[in-house]
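Each of the two complexes below includes chain A, the first together with chain B, the second together with chain C.
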Partner chain A sequence: MTTAEATTAAVNVDIHSENVLEVENLKVYYDTDAGQVKAVDDVSFTLKRGERMGLVGESGSGKTTMAMALMRLHKPPAIIAGGTVRLDGLSLLDLNEEEMRQTRLRDIALVPQGAMNSLNPVYRVRDQIVDGIKHHTSGDEMPNKPVLSERVVELLNSVGLDGNVADMYPHELSGGMKQRVALAIATSLRPKMILADEPTSALDVVVQRQIMLTLEQLQQEMQASVLLVGHDMGLMAQFADVLGVMYAGHLVEFAPIQEIFEDPKHPYTKKLISSLPDIEVKGQFTGIEGLPPTLVVPPPGCRFHPRCPIYNDDEDFRGEFTDIRGQLDTSLCTTVDPHLNEIEPRRWVACHMYERSA
Partner chain B sequence: MATQIAETSTPASTNGTDNVLELENVTKVFGGGLLRRNITIAVDGVSLGIPRENPGIIAVAGESGSGKTTLARLMLGIIPPTEGAIYFNGSDISTLNRTDRREFRREVQPIMQDPFEVYNPFYKVDHVLMSPVQNFGLARSKSEARDLVIESLETVGLRHQETLGRFPHQLSGGQRQRIMVARALLLKPRIIVADEPVSMVDASLRATILGSIDLLNKELGIAVIYITHDLTTAFQISDNIIVMYQGSVVETGRVEDVIQNPQHPYTQLLVESIPRPNPSERWGRDMASQETGGDMTNTGCRFAPRCPYAMAECTAEMPPLYRVGDTQAALCYLHRDNSLGNVQSISDVFKSGS
Partner chain C sequence: MVLKYIVSRLAMFFISIFVASTVIFFLPRLTGQNPLEEKFYQEAQRGGYLEDVDEIVAAFEEQYGFDKPLYQQYFTFMVNLTRFDLGRSIFSWPKTVNQLLGETIIWTLALSLLTGVIAFVIGTIMGALMEWKRNNSLLMVSFFPFMIWAAVPYFIFGLVLLTVFSFAWPVLPGYGGYQTGVVGWPNWSELDFLVSVVKHGTLPALSIILVSLAGWAMGMRGMMVTTKGEDYMLLAEAKGLPGRVQFYRYAVRNSTLPQLTGLALQLGLIVSGLLLVEVVFAYPGVGGMLYSAIRISDHAIIQGTVFVLAFGTALATLILDMIYPLIDPRIKYGAT
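The block that comes next holds the complex of A and B.
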């Protein structure tokens, strides 16, 4: 039955499209005592096959909620209030629970934030890898025991671990090794898409580099797309092909990584990049003034305007934006929520400064 | 355990008065005993003085398990050293009387790593801010106490309307951590030991918190020990740095020297692995050497099993801390021939704080 329905859905696949993931107007809301929180509001983007996307934002910007909603792993009281998510043409939000469960790991797999806590402490690594394979393979396709054993060793080797790790328990592994096991599980069924939520946040830089390079290697070999959620712009610069920037539930900019670092369009991205510390020059350590807004009562109009250097005519930013600000009707900033527009091919930005040219 | 630093360290009495806090050949060993054969040398023979004048900001950097948090706990007097001694204003902290101990507790303030662990979930967050005010008699009235608390909250970028009166679970990790910074600020101590104060905070707020820590140092002359695994923030805010690996101080000195021109192979590996925020400067594709478990039976350099330059002597005996410049020292035999002598106390190669 599952297969039949999957086939019906597959009819809609546009074979000429190289987009693996298409997210359109995704809305994830949740109700709290204080009112409805629009954690993810009208987010759209596309990801190509084999492409690595980074998604950054402050905590509370909705980046993790959005990523989890793509797999329908968002936690209650969060609900998907609208929009579509298509994975290789398959509309994920239209699947029933069982179909969705099958799709996870097989087509879209998660590398969780703290692998330390995602592995089951009472099962050997082997059993945890086999478990995933078993639950996503139908009876007659199920490989026999020796084949499975071989597969486990192969997988462990592919993430840079020795085959004998299969017989170990999670507590016998270091943080980096656990994260490698999590990578092995996530790639065990060669998914089309890997979702990684701050996979290296608890690890030191040397191990982080090893894990990210391993993920890159696997992803390239499988031609899987990756969505890397995080807040470290350095990590994004090292890993991502394209970058999405979220602010207060909106995707405010989406662009190829090189372009966004060289020429950020949205004032928030601009601030984010100009405030990045490096080890070249000392004293370039500044933050973005102000606090992220509460999402219960977001600021009217553009949610960034209270902190926006353009709207507030910040001296440091005046030079660069003089022309464009001259044309900007700043009353729009406080009244109209800007749309995400494609101002150049694959350069999306949600800011009134660019509405004109759109 | 007995390194060259240990054998030649100066007695505290000679310079104890110049330093607020002084570590003399401090070693901390965990485990051991009758039934447990596995011992972990978490901190190995560290000598370090924190001067009263211009103390600056000292970063202690290293991966998890490097001993940096143990060093912090030793400095705070939370755990006693296995060997060596720690002096506060010239007196051994293990023998302080009640009054001096109280003084020590106020003057050396922690900002801990995990803002989830330090709160009692049954108390509102006001409690963690008000109790030091009451315990140390910082305010004469309730309203004065409240003003103090509000002021310190604002220094770390928190709105008091959104923090006071709440329970810990109602606040984010970032907010909780900033409350801990605010708490440390309240007491205007002489030393702040901040263990990963920004690891759970966003980049934009990170600057705010580190900025306020920096201000405390520059304006109020509070010494800051900044424990971190993040070399970029260490570079940005500190004057001097101590790089640790499995309990050993492998490299130390002026932060610009150590980070921009690292001399120990481990520091070199660390610096190379920093994710630089520049897409045109990506990591080398060659896989860096694999992490290894701590093998404490090795009597030599702890990094030798992973070191691309390891020689026979490296695994036999721990090298001394060689001075490789006016303000830089490295624990590595590669510098034996160009060494300017052995360093006794880590702070001998520190640049004085600005």
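The block that comes next holds the complex of A and C.
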């Protein structure tokens, strides 16, 4: 092996080059009359090529705000107050408007929430697929009409739709068909990254499954990374490779999906997973007591402490955590905002409980 | 499918014309005034000769058919309408209403079409830009005056313009449709005459354009706010479409649809507003004629003029109904 080859090999296995998305200390704030709402505060994570990440959290936890900010689609009063977002090494927050426009769809595409109204009601499906392609292709590279037409049919077929859907208007399609069209649009330029913001929230479970299978199939075929935002834990378990859990603007846990379900580390994640209904155990559902905090004046220290079973020494959690809780300095919970730490390989948690052992 | 749609819209057109004609026939009669009697007694008093007035009135009533029972008058009126025979004026004898309308309608039509189109186009564009370019201070500043402006009646605004530009600072004529007292005028093939028409038309036109422009701008701005919140706008941006494409093909294209519906509904209002403007500027249009006809209870002219206005509005609505499915695919020709 020559030195050159060795270097190439080294580059190929270099973990950093595998990362398609690198988010570091991302802060998205809303400037409101009531004060600054820190909707996304200091969020960092990385996503590898071809990896599927799920992002869950309560309503208002900042997951959609963050997803929109990744594509710089956030609207005032939201502002990106700091941090970096790198897509395949390209720093998205440093691009000018035109460069960012070019990047959208070509490198990072959105599958929108609310399939019902995502298509322009006055144009045919064909026009809505073509305009995305057209505005990312320079004049002389623009394929001629028959080629483009063929491409539209190909795309529609790839999402399981018939080619003649191209000549239909959105109101002539069902919700599932509309979401398939949205998938066809999102994959029309083979992006490196697909951002799916609750893509199945308006659909029934049968259609949900079909859409998710289609998304998975396209993702695997293109080796694109996917960020799936939602709060359906069952869907996440089936689809995602890694799962991020957001709480009150913070990413509180980030880990491979299997591990997070089998052994959730953060008390919030634990409560979240134990709240899921079990088909074998009938009885009372257990939720997470309390409400998410206001983000204008978040609780001091750890934002979860007012609802935290560990901090509040909840009986149900005592047995499992007696040891750790004995070591936990609970005064930290009310004073210091915990950082996201890697306590085991690929297991990131933001909780003081683990800082001692880490 | 298409045929069914057209037939149903045509039926609606004729029904509205029928209802309007009926109302038009009865409304002047509800005032309880007998124009002929009043007129002749006035004339007779002026001349100091009061004999035989009743007989003269009766003779004229017979001439106009006023002596017949109401249902018969109504029947005759409706039958004549089908031939666009609007009857004879009572006081401008022996001119027919058609003749009188022929002299005046060109002025009203030209003024209303021109001002309507200009106001609609400019207002809609301004409204769209007001919402789209929120950081443009000039557009933002215009928001507040527009809001007040849109609520001002045309003729009040016309009075203001008249006071300012015709009296305080007399740059434009404020009376009539063209320079009067010139031999041979109106003569549409003479350049000087046309210049005079434009000069005289400026203030009435401005008072309509500026007010309804503000109205269209406010309406469009409101629609743009709604449209901007639609999911397809987010997807348009996420698709990496350039700003101008998002603006024209997504935001404006969808926001204009209710504006067009508004245009159809407003046509009647624009015309009726125009009538008062014509009175203010003594413009030789239908409005002035209608105004004086109402003052002297000339039923024939009132009926004829209002019928023509109702007919025009219904026709414009019909035309818009016919082309609407072409601009909004969600409206189908098949649906009734």
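The rule is short, and it goes like this: the second predicted complex is superposed on the first by the 340 of 358 C-alpha atoms of A that agree within 3 Å, B and C clash if a C-alpha of one lies under 4 Å from a C-alpha of the other, contacts with A are read in each partner's own complex, and residues count from 1 in each chain.
Basically, contacts are C-beta pairs under 8 Å (C-beta built on N, C-alpha and C of every residue); 3 or more make two chains touch, one makes a residue touch a chain.
This is a predicted model, so every value here is computed, not measured.
For the composite obtained by overlaying on chain A, chain B and chain C can both be accommodated side by side without a clash. Of the two partner chains, neither chain B nor chain C is touched by A:Asn19.
Legend: residue contacts after superposition of the two complexes on their common chain; A:Thr64 is shown touching neither chain B nor chain C. Touch criterion met: A:Ile288 reaches chain B, while chain C stays clear of it. In the superposition on chain A, no contact is made by A:Ser158 with either chain B or chain C.
When the two structures are aligned on the shared chain, A:Leu73 is found in touch with chain C, with no touch to chain B. Set side by side, chain B and chain C differ in how many residues of chain A they touch, and the one touching more is B. Put simply, the three-chain overlay gives an angle of 70° at chain A, taking C-alpha centres for chain B and chain C and rounding to the nearest 10. When the two structures are aligned on the shared chain, A:Thr187 is found in touch with neither chain B nor chain C.
Once the two complexes are laid over each other on the shared chain, residue contacts for A:Leu276 go to chain B alone; chain C is not touched. Shared-chain residue A:Leu119: touches chain C; no touch with chain B.
The superposed three-chain arrangement places the nearest Cα atoms of chain B and chain C 8 Å from each other. Chain A uses no single residue to touch chain B in one structure and chain C in the other. Looking at the complex, you find that chain B touches chain A at residues 62-64, 157, 159, 172-174, 202-208, 210-211, 229-233, 235-237, 256, 259-260, 269-271, 273-283, 285, 287-288, 290-291, 293. Interface of chain A with chain C (complex): residues 71, 73, 101-106, 109-110, 112-114, 116-123, 131-132, 135-136, 169, 171, 182, 185. For chain C in complex with chain A, the touching residues are 230-232, 234-242, 245, 249-250, 253-254, 257, 327-330.
Contact residues on chain A toward chain B in their complex (touch as defined above): 58-60, 160, 174-177, 202-210, 212-213, 231-235, 237-238, 257-258, 261, 272-273, 275-279, 282-288, 291.
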